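Input: one structure, supplied below.
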Amino acid sequence: MLPNRKVQNLIGKRVRVEMKGDASILEGTLMSVDDYMNLYLEDTSEIVNGERTRILGPVILRGNNIILLTPVEE
Amino acid sequence: MLPNRKVQNLIGKRVRVEMKGDASILEGTLMSVDDYMNLYLEDTSEIVNGERTRILGPVILRGNNIILLTPVEE
Amino acid sequence: MLPNRKVQNLIGKRVRVEMKGDASILEGTLMSVDDYMNLYLEDTSEIVNGERTRILGPVILRGNNIILLTPVEE
Amino acid sequence: MLPNRKVQNLIGKRVRVEMKGDASILEGTLMSVDDYMNLYLEDTSEIVNGERTRILGPVILRGNNIILLTPVEE
Amino acid sequence: MLPNRKVQNLIGKRVRVEMKGDASILEGTLMSVDDYMNLYLEDTSEIVNGERTRILGPVILRGNNIILLTPVEE
Amino acid sequence: MLPNRKVQNLIGKRVRVEMKGDASILEGTLMSVDDYMNLYLEDTSEIVNGERTRILGPVILRGNNIILLTPVEE
């Protein structure tokens, strides 16, 4: 299964995304993904230095700035 | 709804954009977006270390340097 | 008006461009822009830590390393 | 043998991937790779400052943020 | 004159190229440039912290990691 | 001779590649290169803070994270 297909299989599930920039990690429900791996998350928490902060509303992440994506085990 | 479509739905609304570089965050009214997620904002404030600075005139942001985009709740 | 079109409207005017890298900001007269937002500026000043340094001759900026672009109010 | 083909030959084997960001190194079993060198790994360990941390489940890595990839000798 | 065309006009001349990474600046004779602004320089000096170091042989620079390019005045 | 062609001419020779990230420099025998300047090296040494470390097996480098490439004089 190709990487992008693997991400599509995670739609509707909680994912953890590590972005470029100052150690920025996000957890949210994956709503959609496109061919560039741009992501649309809802119900998102930002994790900075281990601390979780609630972010309301949708969040769009630019695919080329994603380092890694992994499903959150529940 | 795909990520880019989700951004287009925010046209005319206030958005918060986190860019690559030294913790640069911008808030402005989204005027337009293209397929690369390049953005054109007006009425923009730059937020550096929590401090808000008014920037007059239009601001163009390069899509590939966007980390995340989220609507500002009003 | 799409972002790239907005930049084209600034040709002949003074613009301020924030680049990736160590807080590098440039001010110059925008001579041309292409589809990748590569820029050709003349009469350019580099602003490092708030200090302005004159750079003679033309300067070419690579579009993908632009963080933001804004017109300079005169 | 072209670079991307060389990576395809490592499918099913353990690889070590150095990513952009704060010295992030990952070791996992390569499940798939696409034309952009996006990777899908399973059974992945993250190595931060020489320390190995187990990560459960699949991990997707964005190709453009890969610095280097090398097979793990077993 | 478009940015890439402007760079092509500098072939055969001395150019100064500022690259991403730790304040890496190079000066060399521009031998060729392609559509991605990849550059091939000869007779190149690397300038690190203001100190000039001679590098023998050809140097290839990846276009997407160029911050800015400017002709060296002689 | 275009930059990519120049790199192809170095196949079979020792090259030095400076990558993005924390001052990572690699020296190896260039086995292949593709249109994105992705590289496949063998017999590779990593040079960190001037110290040379032997890396066994093949190494694949992602083209967009290459800063510069130069032949090693022997």
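Read from first to last, the chains carry the letters A, B, C, D, E and F; within each, the first residue is number 1.
The rule we apply is simple: a contact is a pair of C-beta atoms (placed from the backbone, for glycine too) under 8 Å apart; a residue touches a chain by one contact, two chains touch by 3 or more.
Because the structure is predicted, anything quoted here is derived from the model rather than measured.
Note on connectivity: the fewest chain-to-chain touch steps from subunit D to subunit E number 2. Among the other chains, F has the CA centre that is most remote from the centre of subunit B. Centre-to-centre spacing of subunit C and subunit F amounts to 32 Å, using the average Cα coordinate of each chain. With centres defined as mean CA coordinates, subunit F is found 19 Å away from subunit E. Of all residues in subunit C, those that touch two or more other chains are 20, 64-65. The touch graph of these protein chains is a ring, one cycle where each chain has exactly two neighbours.
Begin at subunit C, move on to subunit E, and keep following the contacts round; the order you get is C, E, F, D, A, B. The touching residues of subunit C, when paired with subunit E in their complex, are 19-22, 24, 26, 31-34, 38-40, 55-62, 64-65. The residues of subunit B lying in touch with subunit A in their complex are 1-4, 6-7, 18, 20, 23, 37, 63-71, 73.
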